[in-house]
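Pasting in a structure now, in structure tokens, and then I'll have a few things to ask.
Should a chain be cited, it is by its letter among A, B and C, assigned in written order, with residues numbered from 1 in that chain.
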Amino acid sequence: MAIGRKTIRIDERAPLLQASGVQVTIGKKRILESADLTLERGELVAIVGPNGAGKSTFARGFCGLRRPDGGSVRWMGVDLSELRGRRLADMRAYVPQRAQVPAGVTVQAAVNIGRSTHLKPLQGLSSEDRDVIAESIARARMEGFEDRDLGTLSGGEMQRVQIAIALAQGSPVLVADEPTAQLDLGATAAISKMLRELVSEGMGVVLIVHDLALAAAIADRVVVMSHGRTIATGTPEAVLSSQLISEVWGVEAELVHKDGRSALHVEWLDHH
Amino acid sequence: MAAALVLAFCASLAFGAVHIPVSDVIGTIFGDKVPETSQQIIEVLRLPRTIEAILVGAALGVAGACLQGALNNPLASPDVIGVTSGAGFGAMLIILLNPASVELLPLSALAFGLIAAGMVFLIGFTGRGGGNITRVILAGIAIAALFSAATAALMSAYPDRVPNAVFFLVGGLTSTGWENLETVWPYFAFGFVLAVFMIRPLDKLMLGDDVAASLGSRPRLIRLLAAIAAAVLASAAAAIAGLLAFLGLVIPHLVRLLGGTNNHTFVIPVSALAGAALLTAADTLARTIAAPVEMPVGPFLVLLGVPLFLWLLRKAV
Amino acid sequence: MSRPGRIFGAVMVLAAMLVSFGGLAPQADAAKQKRVVALSPFAASAMVKMGARPVAIGATIGGARRLDPRLRNVRSLPLSHPNGPNLEVMAKLKPDLVFSSTRWAKGTKALQSLGIRVVYADPTAIGQVNPTVTKIGKWLGKQKQANNLKRSIQNRIRTATKGLPPSRPKVLVVLGIGNTAMAFLGNSWGGQIIQKAGGRLVTGGVGNRSGGFVKLSDEVVVAQNPDIIIVVPHGNTDDLSEVADYIKNNEAWKTTNAIQNDKVYVSVDNELLQSGTDVGQIIGSARSKWLRNW
């Protein structure tokens, strides 16, 4: 193997992801003060919070896209600082909020690139790799789109391609930043179902979402962030109380669950 | 494209200012007995020059493709990272200031091409926010302006020697045996090998910095390495054939339009073939069209490349 | 434009033409000493040989060895291409007349606007030598001296071209060194000197072209196989042997007779680039130094 690469020890019993006290400073400004998150196998955690609370910065921090300046991040017991390149790619896949849409690339080619971490330089795709790629495309409901140019896709289709790319990476954790932000109701429901399916197969999913009703419906746990800190963690029912929503978002609202459906009843205008 | 290259290669060996029967050309290649002058012309003049055309064309095609991928900018070419003006300055130092040491011309062009690129990378890739595409491109423009100004100053200081410099500046190959290649081949080798290893990382980068990072790559590092490969290839090309930056800009676009894909797995190798074929064909024309007078290849390249490019451009949209 | 305007314009054009035609005729009043600047080396040496003295001459790039000793202490003006001398210096010098060359034609207008008359006196062919001397003589009012000078120049040429052997070696004359070999053609100054000295120019069959130089295919050089190669560096170089070595080591030309027989020479002092009144001497030295037929 490559020179200077230490062997790392993966702890199968440790949580998939354990982040505590994570700090991120950009320029001279500390964007992330202190954030914690734990993710177990077969669990979907939603990170919620108002705009500018530091949700994306936190996710990028524990995913290693922007290395944190403080706190600890461990993937299956291995410290983030020991993870680079292929090893990091084997731990988690990250789906960005606004994806670049290059023209002149087909869906098939894009998803193939997602699998490339499994290849040595100059090595081609094996039949096993091709199976994984085909399955990823099927999972993301993009079958039949393989030869379409990315430049011709709608926002929802592009979002699904991004998820297919991440799935092809074959890592046990999927971190997605607002994957449903640009989607209509039907597409949002389809992606939600798919994510739950992945979780039921033992994957861990971290989702950054704005929509509290959606978070409450699909997440096993929610993490609430405000002003660069995680301020509450727990099941949606326990955490997303009217009082917390009022404190964090400054809006009077109530989360209503009924027969597997969820809704946020918001007092849009002052009635006093 | 490979067929076009083979065709250009054969034409380049078969045609020249001096008419040599095809049987003699084939005879020389297979080591048969042919008239000594014919053998000399084929072995010492045409063959090395054809190989140079292939290498330089391929290098510029690959350099352009690497840079356009690395900087995610369709207008990127070796000018953008200062290589062209740096190499031009290095050549002028010899041609204008020290013509007696003309054998150092390729090395000087190579060295200053790399120095200019090094300065651009130093400014563009270091410090806070380093590796930002706009910053790299702006640094490139500034460094290019610096070296162009120095070149212009040299040219106005030695106006009587400028005619000798023109051939380098417009770009052209020369028939000087294997000497140039013997000096420069390690740089070609390094550049091509590095470029081959950058194909997959550049594909990742094409899907966006975040996706590349998700796949465990470091976008800044990919940019830097791909730009280094481009700088080395373009400098080596300039050392042999002067300034032909047009090739680096247009070839990758031509290839993308022809192939209908932006995948570097396709664009980089095919750019190498297309660049080699186009330069070899253009050089054959430049050598023969006004024979026994030789024209610089630069204008012919434009003459061949631009109509083809414009035709494809119209067809594509 | 209104009618009176048009008439006025026509009158002005006519007036301008009259003035310029009038100015073209040399004023023959030799009594009035003129202040003359001789920018071209040919005019400078022609002047002293006619017994006139320029107030300044153009600096020669190729060194001063061909300069007439009588010009050694004359002020020498640096020249830039294609503008010629510095205009402020010229304004201060305020000569009546400048013998220039078409090489510096771009600066001519400016000199004229300073009230300085500019006359081109720089022959680019051996056949132009006599008419140029005549022209200089007229402008200086020294027709008799001019005739003497013409006679002496032609005598030197006649002596230098005497007894040429019938066999004429093939000579390649290249301008400058670099990655391109610019070959001298028959209409260049150096090309004419070599032909007068008994050489055949290697030009690949290219006839006369404006400029007098052409980038020749190396294949043609090999095929024509020159017996002698003469390199003409721009200006003077201190490393003559280095220049010759570069040519001798040129892999492309190594099979030519010139390199095989070690007949590669470097020309100095601009003798093949810059015309002078010493045409005869240059032809003679070409024969003894390079063609070895004298």
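Note that in this section a residue touches a chain if its C-beta (ideal position, glycine included) is under 8 Å from a C-beta of that chain, and two chains touch if they have at least 3 such contacts.
It should be emphasised that the depicted structure is a prediction, and the values quoted were computed from it without experimental measurement.
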Most contacts overall join chains B-C
Note, CA centroid farthest from chain B's centroid sits on chain A
For the pair chain A and chain B, the C-alpha centroid-to-centroid distance in angstrom is 43
Rounded to the nearest Å, the gap separating the Cα centres of chain B and chain C is 39
Rounded to the nearest Å, the gap separating the Cα centres of chain A and chain C is 80
Listed in rising order, chain A residues that touch chain B in their complex are 27, 63-65, 84-90, 92-96, 99-100, 102-106, 109-110, 113-114, 116-117, 119, 121-122, 162, 165-166, 169
Counting only contacts in the complex, chain B reaches chain A at residues 128, 196-197, 200, 203-204, 206-211, 213-217, 256, 260-263
So, in the complex, the side of chain C touching chain B is made of residues 61, 80-82, 175-180, 182, 203-206, 213-220, 222-223, 225, 233-235, 237-239, 242-243, 246, 249-252, 254-255
Chain B residues touching chain C in their complex are 16-18, 36-37, 40-41, 44-46, 95, 99-103, 105, 156, 158-161, 163-165, 167-168, 172, 174-179, 242, 287, 291-296
